[in-house]
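Structures follow.
Next come two complexes, and both contain subunit A; in the first it sits with subunit B, in the second with subunit C.
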Partner chain A sequence: MEIAVLSGKGGTGKTTLATNLAFVQKKCILIDTDVEEPNSHIFLKPKELNRKVITTEYPNVDKSKCVLCGDCGDFCRYNAILPAKNKVLVFKEMCHDCGGCKLVCKHDAIHYEKQEIGSMYFGETAYGFNIKYGDLKVGAVSGVKIIETLKSSLVKEDLIFIDSPPGTSCSTVAAVKDADYAVIVSEPTPFGVSDMKMVVEMLRNMNILFGVVINKAGLGDNEIYEYCEEENIRILGEIPFEKRFARAYANGEILSNVFDEYRNYMQNILNKISN
Partner chain B sequence: MKIAICSNSQGIKSELAERFGRADYFVIYDLENQDVKTIENKAKNEPSGAGGSAVRSLSKEDVEIILVPELGPKAMDAIKAFEIKAYAYTKGATVENAIEEFKLGKLKELTSNTKEGHHGLRRA
Partner chain C sequence: MNTKEIVVISGKGGTGKTSLMASLVPFFEDAVIADCDVDAPDLKILFEGENIEEKEFIGLKRAFINQDECSRCGLCKDHCKFKAINDELEVEMESCEGCGVCEYICPNNAIQMNDSVVGKVNVSNTKYGKLIHGRLIPGEETSGKLVAQVRKKAKEIAKNENLKYILIDGSPGIGCNVISSMTGVDKAIIVIEPTLSGLHDLEKIYNLTQKFDIPVSVVLNKSDLSVNGNKGIKDYCNNYDLNIDLEVPFNPNMVKAIVNKEIPSIYDPLFFDEIKFGRFIENLKNL
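And then the complex of A and B:
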């Protein structure tokens, strides 16, 4: 079973929830797919990490075969390959590794070379279960390949928690697309609700069942409750906004390891998901 | 010889654009017969690489010189590969002013990028 934790807005508590759910569940694996800013490992403190380099391919043009017809440039949605007057320019950092330019080239002038876009790390956390996370290199255009690699070697029977990237971009879609259930973590602020609506739309389009956890409850206003009622969205739990939680979080603690009541919040959410 | 100028609207009296790759229009002026033609910059909403894409479109219009506010590193690589020369105008004037200044030799040729690169749309 795969459970994705996502939010829309950043900073609502995806990592806090994903790591705490995994901590309480124990027999599971946590995958941090927020490859632009992975931070689950900071809380889960893996003892030893293995690293795998992730590469993508980008085009290289054989000048002796290229006739500068322009087909590759017409095809590329990202302008990563630009047929000019005297040569073909390749902006490899903009290439999304789709393979299209080679397919449309009638003169067999394109072959692909590898570039490193980041890494995958994996190991055992200080709490006994395993973690995997990705780290995208600064300047690399898309983390989708890393997310796909993170998710490629999973055993379907394991209970898998996915800490997703914020927003509703390609990375988020890649992170949640195989999920059996999604947990939206939102905060009861106008910004939190606005971004959550986009996530709701995305999950409904993808036919993924979901519920909402209201984090930092007590802040903001009532809009989130009204929205969930109107849209018939299940609220899985509420976690109050408290300074002691923020303080422990800032110290890199797993809140369920410090506060019994926090562990209970997590257990209740897990119970509701399994129902 | 044709020159292209980045503009906010159509025609020679229009205001100069503040950016190249994401300018709304290019006014194309023929130095031999003073013909004026405006084309829409189709690259302006590209997810990435607007500068390179714009240079490619201008080359298809037989443009050999562009008057620009500034150029990023990828657009600079692109104009070299398309054998196009770029000259910098002062922002805030009209297309007509920029053409006059160019004819008088007052505009400086750009031979290296004048601004840092960025990826994708960036709102001014």
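And then the complex of A and C:
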């Protein structure tokens, strides 16, 4: 079963929840798809990691064959290849790796070269289950390919927790695609509610069942509870805002490992999900 | 008029970008505000105003297969690098990246690339100036392009109205939307928190700003959350010759302000005095 943990708003507690649920569940795997800024491994402390480099391709133009006809530039939708006066300019970061420029080139002047966009890591955590995460190289524009690679190599084991990126754009879609269930982590503030609404819209479009965990409860107001009631959204649990939790989190601790109540919060959420 | 652009970014989410940006606005008299966190634009919650312009944003095109003309040859599926055409030879919209290869390769002219509205750009008149905000339809791509559109609109307004500053609220992460929000700016304010996650993420976002040669100002938010965390951030900043230009201890009034839909620096001016917010702003203005 694949459970995605997402939020819309950043910093509501996705990684905290995903890592703690996995820690309490034990027999599972955690996939960190927040490849732009992955953090799960900080808490789960994998001992040894296998690394796989992820690449995309970009066009390289053979000057001896290129006649500067401009067909490649006309075709490209991403401004990644631009024939200029004397040569063809390639902006490899813009390239979406669609293969179109090579197809349209009548002079066989284009071939593709690889560029590294990041890596995938796999290993056993300090707590007896496995972690897999991606890390996007600084300067690369999109981590979607890494996220897709992370998810494609999944074996439907007992339980898969997906720590997703913030926001609601293509990276988050790639992370939660085909999940059996989604847990929205939000906070009881106007920004939390506003961003949650966008995630709810996205999940409904994708036909993914979901519930919400209200983190840092007590910090703000009741708007989020009213919203959940209006929309008939299931509240899976509430975790109170406590400075001691925040402090332990700041130091990279698994809260369920330090505080019994936190462990109980997690167990209750897991029970609610399995119903 | 040489308009200065200042962006607020973070790497890690939830460090307080929007709260900080909102707190800055009242002190920049002639500014246009741009909310470039197009996945989750929140500034409008604190800066209500009359909507004076709304434009649809067309991202990439998307492929449409006319099933009547389709000969079921499957060439489109074979060539699609994004696995956006399924076994039934239908386009899966969320995977289509609009490259046009299928349209090119189809021997029957059965495929067309159509405009896809993926979001919108709004201009509002607020008490503190014009607010440009973009919103991406949840699940869509091309957030980098929409961010560029929001910035373009902001620049246009700044030029027409002779405004000194463009204040840009960025998004978390380091991807195309963040890159698009910071290219060419005069200053990037990185808001961080004193946590291990925060430190890890600071490294990446700082590296990104250096790749684009952007001058940086660091703000340490919730600074008294953790002694170890605080030290970790300060050690990193020392190693890279970075100053922490503003340190903001955790203050429940910051959240209270947001809950009341008020600007934090207006809600609790004494606190902002204590943290020497005025000096931080003066330094920002001396770009």
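Remarks
In this section, the second predicted complex is superposed on the first by the 257 of 275 C-alpha atoms of A that agree within 3 Å, B and C clash if a C-alpha of one lies under 4 Å from a C-alpha of the other, contacts with A are read in each partner's own complex, and residues count from 1 in each chain.
Convention: contacts are C-beta pairs under 8 Å (C-beta built on N, C-alpha and C of every residue); 3 or more make two chains touch, one makes a residue touch a chain.
Here the structure is a predicted model, which is why all the values come from computation and not from measurement.
When the two complexes are superposed, the chain touching more residues of subunit A, out of subunit B and subunit C, is C.
Residue contacts after overlaying the shared chain place A:220 against subunit C, while subunit B stays out of touching range. Contact with subunit B, but none with subunit C, is seen for A:79 once the two complexes are overlaid on the shared chain. By the touch criterion defined above, A:91 lies against subunit B but remains apart from subunit C after alignment on the C-alpha atoms of chain A. When both complexes are overlaid on chain A, the residue A:67 reaches neither subunit B nor subunit C. By the document's definition of touching, of the two partners only subunit C reaches A:138; subunit B does not. Of the two partner chains placed by superposition, A:53 touches none, neither subunit B nor subunit C. Across the two superposed structures, the residue set of subunit A contacted by subunit B and also by subunit C is 77-78, 141.
Those residues of subunit C that touch subunit A in the shared complex are 10-15, 18, 38-40, 42, 45, 60-61, 79, 81-82, 94, 97-101, 104-105, 136, 138-141, 143-144, 171-177, 179, 193-198, 200-201, 204-205, 207-208, 211, 222, 225-226, 228-229, 250, 252, 255, 258-259, 261. Subunit A contributes residues 73, 77-80, 82-87, 89, 91, 93-94, 141 to its touches with subunit B in the complex. Interface of subunit B with subunit A (complex): residues 43, 46-50, 52-53, 55-56, 59, 74, 77-78, 81-83, 119. Subunit A contributes residues 8-12, 15, 36-37, 39, 42, 75, 77-78, 96-100, 103-104, 136, 138-143, 165-173, 177, 189-191, 194-195, 198-199, 201-202, 205-206, 219-221, 243, 246-247, 249-252 to its touches with subunit C in the complex.
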